[in-house]
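Here come two complexes built around subunit A, the first alongside subunit B, the second alongside subunit C.
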Partner chain A sequence: MNIEQAKEIVISAINDVLEGKAEISEEMQLIGGVSLLDSMKLVEVCLALEDLADEHGFEFDWTSEAAMSKSRGMFRSVAALAEEFANQSEV
Partner chain B sequence: MDILEKLYKRWSGIDYPFLIHSSGSLRFDEVANKQNVDLSEVNSGDVVALIGDFNPQSILTLLKLIDKNVILVPLTVDTRTQHEYFFESALVDVVIEGDEVKRLNHCQNHELIDELRAKEHAGLVLFSTGTTGRPRAILHDLTMFMQRFETPRPTLKTINFLLFDHIGGLNTLLHTLFNKGTVVAPKSRSVEDILATCAEHEIEVLPTTPTFLRMMLMSGLIPDSVPKSLRIITYGTERLDQPTLDALCELLPNVEFRQTFGMSELGIVRVKSESSNSLFMKVGGEGVETRVVDNVLEIRSQTRMLGYLNAESPFDDEGWYNTKDIVEERDGFYKVTGRTSEVINVGGLKFMASEVERVALQCENVELAKAEAKSNPITGQHVELTVQSATNSEVDKVGLKTFLAVQLPKHMMPKRIRIAAVSVGHRFKRA
Partner chain C sequence: MIIVTGTSRGLGQAIAERLIDGGEEVIGLARNTSGLNINAIECDVSDYASVKNASKEVKRMKKPVTAFINAAGVASMNMAVTTDESTVQKLIQTNLFGTIYCCQLFAPIMLRQKQGSFINFSTIAVALALKGESVYAASKAGVETFSRTFAREMADFNVRVNCIAPGPIRTDLLRGITDTQIEKITSQQVIKKQFQKADVCDLVELLLDKKASSLSGQVLNVGGV
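The block that comes next holds the complex of A and B.
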């Protein structure tokens, strides 16, 4: 999966969780003051990505110890999460 | 001990059966006159695994073994794949199955078994059915356990679907034998079969689990298929939810609902429900004390086990046992609200998995519900819910989600919902 496909999937997952109520950009922060997602909604996004990864034939790991150690970086922005999603699809 | 002699006297002149099962019935004289298994090679103090069931030969051998002051390990064929582990953990000297008596060679000993032998007391080893780790070998002083049957008590005609290798099953068998009662073993555990058996044999007491009660409620068979003879329904081993109990009390106003509580480690403890429609209960009985530490129920019992044969003692220095059951207390009555291991912590907000399950069970067509905590790097944990649809119906996932969103605070809302079979334990965990 290339990065553009991953971005599309991540944006669509966030859009679903936010019920289409906000414009989502690649630069959008996922954690922190200006994020549109609260922690509960971010969990929902990740679970949706788990399901979407399953549909694309790979496992999206965001809960293991290894994943947790890079979670801060992964949740920095929509683009960072998409990059991690694309990377995991190649493993 | 002279159990057989005592029982023989008590059953003299009585010709009704003490056990009724799907293929017949059993009177005490049939047990007493059954061809003996040759126990000449079995010595007092031997650890003896008896693989059997509630049939004449097993019951007779069981009684004879208690009379011989052995340390008894009752097992069933259902757990055959674990028998080697059980033999090793309990330091079994002799295995009896049917007519076959086989001695095993080992050179191990255990101080708790040696203590029983020194006192010339019989022992009983039961295996825990906990969900974590391998089963633990629980050793009881059977001579002390048998003293409870010295005082005659009234019996009611009851169904028993407990197993031969469980403290509740053995307690019911011995109570029935010593008090000249009748116990009925049902053909299966289906709601239809159980209610049909109750009607056929005019059962007075029906011991159940909350899962069975929920299924009975959804079966549509109550109240019409519940016979008038049924006076008491007991429930235990899992937590029951208030909506189910309320619905049952409304449909069956003449039946008394009683909660049971106990665990193999503590022996049999007496429990009294506050009322038929209350989940609050008093835990007590002779030699049983209770206290609550940090909302967790602790019990000290004189009938407790001597210890585990293959694990550290779970009792503190003063003999208290931490039940890991979180309770609410009201005027000396306790209501179990969850297990310490079931506390879910979402972003620092703690709640019980059972709270989510309780709400899910109120949604249309949900038969069983299991809420579980899953770890995540964002909120620490989140809830995932599995629900099982009632027979011939389907749970509307979107409808369930909407229902839960209205009923539950945001942090308790399941982040993933699956419609799938919810596994239910195949046997009672507790007496």
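The block that comes next holds the complex of A and C.
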């Protein structure tokens, strides 16, 4: 999966969780004070990405040690999460 | 499906057998599964990678997990000054880290379901600050604090987290403890008697019952403090 496909999937997942109520940009932060997602919604996004990864034939592991150790990075932005999603699709 | 750790002996085994008798499908997690007469996955709870593999295996079963019972544990009754370093590490690694690993790695299954219950195990030694159990009690105090906090994190997802804190239940963990020592402990409980594994199994069933749906973030001290 290339990064553009991953971005499309991640944005779609966030959009679903936010019920289309916000404009999603690649730079949008996923954690922290300015994030549109609270912790519950962030978990919902991760669970949705698990399902979408399953449809694409790979496992998206958002609890992996590697992902967790740089979790602030992974959730730094939509683009960063998409990058992690794309990376895991290649494993 | 209910997952129980430490099913090769002691409380874990008793709880698994009780739940199976009650018609539940139980998956045991144990370091050594050979000879076990229940469905079990080999797992060392003190090893993050091992717990991770077990969680993946359970996830692939694609069955709802209604409860996860963290019954695996080790004990050492010693004064802190006579407890060697490896024992300190083993107690913290198995009792505290093991509980945390299991909770954090199995939680996503329940988060997805928006339903579930974790039961973790502490000890009455925490509330009573029992002399000669400082490191063991410290590891379990960590479990209590983790559980109370984790309960708040899980509450929005309709997942409950509670602790059972038994007194001196007759299991392998109490090897070498004399009746006099046991009486010294039970005399500090509200109900001054030694409870049995069956009493703890009763509490597990109570916490799993729908009637306990208002209980989360609680520590049930067996015998009372």
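By our rule, the second predicted complex is superposed on the first by the 91 of 91 C-alpha atoms of A that agree within 3 Å, B and C clash if a C-alpha of one lies under 4 Å from a C-alpha of the other, contacts with A are read in each partner's own complex, and residues count from 1 in each chain.
Operating definition for what follows: a contact is a pair of C-beta atoms (placed from the backbone, for glycine too) under 8 Å apart; a residue touches a chain by one contact, two chains touch by 3 or more.
Quick caveat: nothing in here was measured; it's all calculated off a predicted structure.
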Subunit B versus subunit C as contact partner of A:75, first or second or both or neither: first
Which of subunit B and subunit C A:86 touches, first, second, both or neither: neither
Touching partner for A:40 - first (subunit B), second (subunit C), both, neither: both
Touched partner set for A:63, first subunit B, second subunit C, both or neither: both
Subunit B versus subunit C as contact partner of A:28, first or second or both or neither: neither
Contact residues of subunit A, present in both the subunit B and the subunit C interface: 39-40, 43, 46-47, 62-63
Subunit C-facing residues of subunit A, complex: 39-40, 43, 46-47, 50, 59, 62-65
Subunit A partner contacts - residues on subunit B that touch it in the complex: 346-347, 374-379, 382, 410-411, 413, 415-416
Sites on subunit C touched by subunit A in the complex: 48, 52, 56, 104-105, 108, 111-112, 153, 156-157
Complex contacts: residues of subunit A adjacent to subunit B: 31, 39-40, 42-44, 46-47, 62-63, 67-68, 71, 75
